[in-house]
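To keep things simple, chains are lettered A, B, C, D and E as they appear, and every chain counts its residues starting from 1.
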Amino acid sequence: MDYEELIINMGPQHPSTHGVLYLELKLDGEIVVDCRPNIGYLHRSIEKIAENRTFVQFMPFTDRLDYLASMNNNLGFCLTMEKLLQIEAPARAQYLRVIMAELNRVASHLFAVSTFAQDLGAYATPLFYALRDREKIVQIFDQICGQRLTYNYMRIGGVSADIPVGVDQLIRDFIIYERQMMAEYDDLLTNNVIFRARSKMIGVLSKESAIDHGVTGPNLRASGFKWDLRKDEPYLMYDQFDFNVPVGKNGDSWDRYNVRMLEIMESLKIIEQALNGLPEGDPVAKINKAYRPTGEIYVRTENPRGELGFYVVGDGNPFPYRLKIRAPSFSNLSVLTSLIRGLNISDAVCVLGSLDVVMGEIDR
Amino acid sequence: MIGFVTSYIPLLLKGLAVLGFIALSAMFLIWLERKISAKIQNRLGPMMTGPHGAFQSVADTVKLLLKENIMPTGADTTIWWLAPFFVTVPAVVAFLCMPFGSHFIVHDLNVGILFICSITSISVIGVFMAGWGSNNKYSLLGGMRSAAQIVSYEVPLLLSVLVVIMESGTLSMQGIVRAQELGWFFLKPNVFIAFVIYLISATAETNRVPFDIPEAESELVAGYHTEYSGMKFAMFFVAEYTNLFIVSAVAATLFLGGWLGPFRPSMFWFLLKAYTIIAFLMWIRWTLPRVRMDQMMGFAWKFLVPVSLVNVLVTGWLLVVKG
Amino acid sequence: MAVNERIPGSEYLEKFPGGEVILAKSQDVFNWAKGASLWPLTFGLACCAIEMMTTGASHFDIDRFGSGVFRASPRQCDVMIIAGTICVKMQDSIKRLYDQMPEPKYVIAMGNCAISGGIFYHDSYSVVKGAEAVGIPVDVYVAGCPPRPENLLNGIIKLQEKIRSTKARVT
Amino acid sequence: MLKEIYQILIGFLSILKGLGVTWKNIFRKPVTMEYPLDKPVMTAKHRGLVDLIPDKCIACLQCSKICPTAALVVSGIMNPETKKRAPDKFVYNTELCCFCGLCEEICPTSALFMNKCYEIACYQHADLTPIDLLRSNKYQHLTSPRTRERKK
Amino acid sequence: METAIVSKSIQERFPDAIVETKPEWICLKKEIFTPVLQFLKTGHLAFINLHCITAVDRQGSVEVVYHLYSFEHKWMLTIKVILLDSDLTIDSLTSLWSAANWLEREVFDLFGVKFTGHPDLRRILNPDTWSEHPLRKDFKRDGFIPRPVR
């Protein structure tokens, strides 16, 4: 008696595909036999656009790559251009960049953690708690640069505006508030028996397979490989802050979730130290339209989802000749097929949620 | 001939009263669920339709009435069309012997609790028909999951009800309530365990978190009622909340002494207990994640069934020893 | 700007004496009900989806307007909030989703990308220039990149006013 | 067997702790800001719609050059009496704008700024496209719901 | 850790593999390309992480650029291969790093470089029905509105 596999389309519009990802799942009963992810449903040809925009004009596009961590994308592009043009940002601007990047990392991890809980069935409550906390960060950004999600805050050689007067007190109150809330999330989710039963030893990613697939960021650290660009290849004064890098034990979905929770606490520590050590000076950088770099450069920074790389080739024009964005979620998602073979649908959804991919930067 | 007809008038009136109560309670429960979830999530819930969104459920029902009725192509028409009725009718009929008060009962069958448990398990056929009839892979998976879930949680449910029957000695609902005049049943330790098991398998029976696997939001889009729109979807919604009320009402009757209470209006106590249990189930609904399919089955057969069997033995031994 | 929609059974009601009065009154009730419970489809494409989720969350709480029930299946939805960039590859999926929705359906184009391709209008080979280019009639345009959650709530209020002002088409 | 029972009990306790968290949240004040009734005050740096003070503008075309999405169409003429350039056409395309704030930063005479208007919702496409910034009542057509009369 | 050291160690094993050595990158010949990378991965240099594959259209030839990273030496190596427009084929690296699978599909999709030996070389970002490769400089398509220079 031959049986025919059930082909199910977790199509571009599905509550748990974190955007427009289309998974062709071949099922035997409820067990996933094979999975073919199709991407490109949010391909907005940012690299083709970049070839017709000056470097200053390209900054708003970096906000829309990983739209949950726009500050970190701005930071990545700024560092690339500053290294290519040999420009040095003033100390206060560098400290402000660290604060903004780490605050955005906390907001992005809060979002990732709570959508993971939603995929496991805790419908809406953890998500709304995390969004309530994220709202405080977004309002701080609103005070600093005027927008809630696409900041366009950093300029090549500095930042666009200094921090207003009352905002650093706002950030300090947020840090105290967030530490209490994280204790609540541990009770609500981390130690919950159903949550652990659903995510322990599901989608185990070994260290070798992670490195082989080019997985970076929290997913790599969850597989037991202690590798964080901020610690191992310090850029932007990260070596002056002491924070430790959380590492998971057996690389399953729960470890990927737990590494993100611990990273939130570490980021809060960094923000506190950066705020205390904020030097004086004028961080603002004027818009300079006369950048005409030649040569090429490849710079990587540590995004909440992994290592974001910018490869810029300049040939003397104000527009880049070629600009390649190496998105961390792109390689993180390529691991999905090998992880969910043999699991059933509920675990496939759990593994996809634990990888925490953003379609904006996968499809560019 | 007249005598024959007039003897049915009181039953007809009681039936209409029950139908009215079901419609009102379903709408109230939908509003209550949105308000409790809002309270838990520090937000406000429906506010714009009447004071504190009082007429929100009325607006939802009227809107669902006005929706276009879409039949998916290739659907198995009769099965697809009949499914909502197979889910709603058992939920309504189960109110036949629900003891609202000392005299407020449609008809006090002497096999009351057996009747309720058997009627409510018919709805699984409706869910399965909806799953198969919609010609949609997600619904098919939802339908199959719900059949497995309800079958595996029927056994601990009935075993915990068996404990109460052994304690009260009668199957009729009023009889069970009167047997609790000395002390509510859930105060006894062994019956308390049966109460906990009953609540767990009741959440599974009504497909509510942490056992809402058939219509799992994040996996199967909307489970078995993916293809239903307009009034048919409203019937599924009403049936789901009516089942929730039945399960809590039976729990209140069996374990918390039904309409027994210090002062006169007995119906008040019954509704109070039923709605506190509903509020507790809603509180659980908005806190816990979902259990996976095989964990749910394993939990039922490997843990709930043995514990309830032991519980039945202990109750029997206690009754024999205590006399 | 009255978009006419047929009320089921309006042709019978009209024949009875005083039918028009009942029809007019019932029409107000129907429009109030349609406006008060707009169930959106969970359909986030890009950055605007994050702002849509924030609107659903506790600080702005779209549930106050009765539309907190985000249904995943298009069969049970009334309003499709197109939140994000419409790409060439996603085009026919959006059209199919729109066709699957039952009749009294409305569309809110949220964000400049859904209105006209926004920041990706020039130099992009794979972005469709707005929801109209896909062939979907849009009821309310909510501009912004991304629009603030208050702006989306403002769009929902405008959609409710539009529904309340529709006159039933008496066949 | 004993370990099994112990696991179940620990699991039960963790569920109760989770319920405790939601219980605490039930009694917290709701954080909702009821939008149409009390509206938020926009921050000082909020980037709303692009706005222009016509007489301060010297039509240097800096803003239309810097705009990443070419949403500003500006053309200026030399005004013979005042010997200064003045804009005769200043069209702003709301549907293309990405609200990045570069035009506001680059404008030498700060004639162009981003106002605090964030309620941009309308029924027709034509309300959004070419908006002539030289007119004084350029954003009147974008109405917004009434706020709650503050009970002073 | 300098490019010169890496190019010297390549020189010893594969004398005629290197076309050109620059402080930022090394340009390799197309013919004996995979053995060199095999050595780079498994040799003492331990470039076990293929960070990114991209391409640059030089209007006459396409430069395929590989970024390899070694965790031991904490150093990023850039390798280039020049492919003439006449035959845009190069052998695939999926046997060495599985990260190459999707990265090569993207380069094929946007540039048209065919990777021989790739398990399933299809388009990844654009619809499969397209025939042109968008990131080439001579790319034309209707509905493509260039930004008007003000």
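Here, contacts are C-beta pairs under 8 Å (C-beta built on N, C-alpha and C of every residue); 3 or more make two chains touch, one makes a residue touch a chain.
These numbers were taken from a predicted model, which means no experiment stands behind them.
Chemist: For chain C and chain E, which third chains touch each of them?
Modeler: Joint contacts, listed by label: A, D.
Chemist: Just to be sure I understand the contacts, which chains border both chain B and chain A?
Modeler: Common contact partners of chain A and chain B, which must touch each of the two, are C, D.
Chemist: By CA centroids, point me to the most central chain in this structure.
Modeler: Smallest offset from the overall C-alpha mean is found for A.
Chemist: By mean C-alpha coordinates, which chain is most distant from chain C?
Modeler: Max centre-to-centre separation from chain C belongs to E.
Chemist: Among the chains, which one keeps its Cα centre farthest from the Cα centre of chain A?
Modeler: B
Chemist: Please work out the Cα centroid separation of chain C and chain D, and write it as a whole number of Å.
Modeler: 22
Chemist: With chain centres taken as the means of their Cα atoms, state the distance from chain B to chain D in Å.
Modeler: 48
Chemist: I'd like to verify one number: the distance from the centre of chain A to the centre of chain C, where each centre is the average of its C-alpha atoms, in whole angstrom.
Modeler: The answer is 31 Å.
Chemist: Just curious, how far off is chain C from chain B if you go by their C-alpha centres, in Å?
Modeler: 34
Chemist: Indicate the residues of chain C shared as contacts by at least two other chains.
Modeler: 57-59, 61, 64, 72, 88-89, 119, 121-126, 145, 148
Chemist: Can you list the residues of chain D that touch 2 or more other chains?
Modeler: 15, 18, 21-22, 25, 30-32, 34, 65, 67-70, 98-99
Chemist: Check each residue of chain B and list the ones that touch at least two other chains.
Modeler: 38, 40-44, 47, 217, 221, 286-288
Chemist: Which of the chains touch, listed as pairs?
Modeler: A-B, A-C, A-D, A-E, B-C, B-D, C-D, C-E, D-E
Chemist: For the complex, give me every residue of chain E touching chain C.
Modeler: 125-127, 134, 139, 141, 143-148
Chemist: Looking at the complex, which residues from chain E come into contact with chain D?
Modeler: Against chain D, chain E makes touches at 147-148, 150.
Chemist: Flag every residue of chain D that touches chain C in the complex, lowest number first.
Modeler: 30-36, 39-40, 68-70, 94-99, 118-125, 127-129, 144-145
Chemist: Once bound in the complex, which stretches of chain A touch chain D?
Modeler: Contact set of chain A toward chain D: 53, 56-61, 125, 129, 132, 135, 142-147, 150, 152, 160-161, 164, 184, 187-189, 191-194, 287, 289.
Chemist: Residues of chain A touching chain E in their complex?
Modeler: Its residues touching chain E are 39-40, 43, 45, 47-48, 52-53, 209, 211-214, 227, 232-233, 295-298, 300, 307, 309, 311, 313, 321-322, 324, 326, 330-331, 334, 363-364.
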